[in-house]
Amino acid sequence: MKEEARLMKGNEAFAHAAIRCGADGYFGYPITPQSEVMETLQILKPWETTGMVVLQAESEVSAINMVYAGASCGKMVLTSSSSPGVSLKQEGISYIAAGELPCLILNCMRGGPGLGTIQPSQADYFQSVKGGGHGDYHMIVLAPCSVQEMADFPSLAFELAFKYRNPVLMLTDGVVGQMMEKVVLPEQKPRRTMEEVVKQCPWATTGRMGRGNSNVMTTLELVPEKMEDRNTLLQKKYKLIEENEVRVEEYHLDDAEYAMVAFGSTARICKSACEILRAEGIKVGVLRPITLFPFPKKQISDLAKKVKGFLTVEMSAGQMVEDVRLVVNGAKPVEFYGRQGGMIPTAEEIAESFKAQLLKK
Amino acid sequence: MTREEIIKPENLVYGKTKVLTDNIMHYCPGCSHGVIHKIIAEVIEEMGIQDQTVGVAPVGCSVFAYNYIDVDFQEAAHGRAPALATAIKRLMPDKYVFTYQGDGDLAAIGTAETVHACNRGENIVIFFVNNGIYGMTGGQMAPTTLEGMKTATCPYGRNTDLYGFPLRISELLERVDGTCYITRQSVHKVANILKAKKAIRKAFENSMAGKGTSVIEFVSACNTGWKMTPIKANEWMEEHMFAKYPLGDIKDTEKKHYVENNINAR
Amino acid sequence: MKREIVIAGFGGQGVLSMGKTLAYAGLLQGKEVTWMPAYGPEQRGGTANVTVIVSDEPISSPLLQKYDIVVVLNQPSMDKFESKVKPGGVLLYDPNGMTRKPERKDIRVFEVPATKTAEEGGQQKVFNMIVLGGLLKIDQVVENEFVMLGLKKSLPERHHHLLPANEAALLKGGEILKEIK
């Protein structure tokens, strides 16, 4: 049966999708602009239908540790928060990455640093793709730009999380979280039975259940030689992810002489800027990384052979632009335009900045 | 008699529970952890719940508890064990779930997780080993360090003007409505060990009966951290630790009158 | 067809829900829609506004600098948004409490005395439907029948007896609309 289109916020769609992809548990703590996630889950009462657990924890710290524990049991668990709360979660995320545990984390970014503002931002890019917590690790980072993607990505996120035994972050912002759009929700998948969990995750600490030996989930290894081996394995996995899981959206790039690079809501504004510039006869396209880790290195480096220059646009002081520059490696100019602290760039501003930085040279 | 003649099943007077692994414990001679591990493992065997139990290990001396107690285990970040136990029990309500935590883990960095897990009445068991000191990191001050007691970070004795007072966390948790059973035990004498074992069993049973959170505090000796011989440490514990942390049941919702009397007595 | 609309007023005037009604009607009519609020504590007592885009094509930016239609329901919103109407665009306002009339001559200006009408009829609850009725009379961004279908689908059954009052308010808004020249 085809689901009918509904009108809802990105945060609400995410909550519906979490239930529908068969998640076992959500653990969260209220923070603007993503509180609708837990509010929607509480209204929907999935514990009465699918059996999904929903719990308001005493802090983000506690919530992420609940996710660590749930994931250690092989369960499909998630949490959501916004920038300051995600900072608090970093310790737990480091443990989850070290334990190679599958889970989903949503960061609906707001302006920082500090308590900052509640308005949209993308200034948690570095935190999301470079690590964030202690140690060498990566999350898989998906950047939705629409309410439909907020509904579609949880299922993809869990698929990747279990495939690679790795935490997956959905990195979005207040625009996508708070905006309402048309959305067709995914179909309800059943939650896995305990037998299916044990089969899929033989490492899980489910209680021995006749296994004959005990499973232990620990990230402690006092022998440095062994700890280095663990790290090497992690890096191998990240390389594999980089080889196989890059996702991008290309917009008007076929005939483009210039490319904008932007993710999430900013990419949509760049599309509007692109329309403005094309109306003036300037051939611009947009490359939207859907995965921020793995970063679309090949796509950008191929583009660099074709276009005359890049404009990276972010709601930050310029974070992703560093990765774009690393890939382009000086072959073409890579300029930047950004707004900070909860300010959202307009299409007109972006178009002006593009002309000022790339056409007058 | 030869050695072979002696080692026969009919001559066996004591056997280690199968729920303890054969790994050699890293604990100092005289430490209470080994005994507490052993009696928890024995209760798990006696109750026949080895395959249905998930433990949560802390950061502290007992960080390697999972190397000794042979059940499925998760290693928590410092202080977060009650949050882990909450999720495990909520996601798998048919399991017995316990945390094993020291005083720094439970009563300092993990106070919020402890209080809120108890307040939600999570159907878990919290084993709380209180030796008044950070053992693993080399004998620093804990929230439970006694007034005047010397540690690496209060070398002239704990000054309550500067560092506050020894935290009686079990009494604090007694006032939290989600707890059903709070008791303070020790394992320095056989009679105490037997009492403690009963308490452990009761706590596990409470958790499966859905009565709420059970907390067992073990007042323990850290002879290394205290810089004493094991025997002297036990004597010091009886004299000083028990004065601040008296043994006995603090809360038992099945025995309301007893608990009220107990509160009045303090 | 693409209409870029902002609705602005005091928190509590039903600005956000009016935008939602409009967006939902658009969705039911088979159009692409976005509804983007200026969210946060602003909503409570201060000024609230929502950007609604209704389009036949997929919508890129949900945020705008200039609008085809600006609906303002208090003076601060008038001050903020009058300059953001595209030349030739529409400014619709409720004169209640306004101390300054719009000054621009390159746009079409309309008045809908919705507060007064709602109070007279004891119909404060459908105030924003009166405003919406005025808006749709100026520019049939969505058809009235889809507005009503949207309300029917979004209101719980026990509130369906309120539908006729809403429909009447929608029509009333069109009747009391006045172009200012």
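Going by the order they are written in, the chains are A, B and C; count residues from 1 in each one.
Convention: a residue touches a chain if its C-beta (ideal position, glycine included) is under 8 Å from a C-beta of that chain, and two chains touch if they have at least 3 such contacts.
Please read these numbers as outputs of a predicted model, since none were measured by experiment.
When you average the Cα atoms of each chain and compare centres, the chain farthest from subunit B turns out to be C. Central chain by Cα centroid: A, whose mean Cα position is closest to the mean of all protein Cα atoms.
Put simply, the C-alpha centre of subunit A and that of subunit C have 34 angstrom between them.
Mean C-alpha position of subunit A lies 40 Å from that of subunit B.
Computed centre separation for the pair subunit B/subunit C is 63 angstrom, with centres defined by C-alpha atoms. Residue numbers of subunit C whose C-beta contacts span two or more other chains: none are found.
Contact residues on subunit A toward subunit B in their complex (touch as defined above): 24-25, 27, 53, 55, 57-59, 61-63, 65-70, 72-73, 75, 77, 91-92, 95, 194, 205-211, 214-220. Only residues 20, 23-24, 27, 32-37, 39-41, 59-65 of subunit C touch subunit A when the two sit together in their complex. Subunit A meets subunit C in the complex at residues 5-7, 32-33, 118-119, 174-175, 178-182, 265, 268-269, 271-272, 275, 344, 346-348. Contact residues on subunit B toward subunit A in their complex (touch as defined above): 50-54, 56-57, 63-64, 66, 70-77, 80, 83-88, 90-92, 95, 112-113, 115-116.
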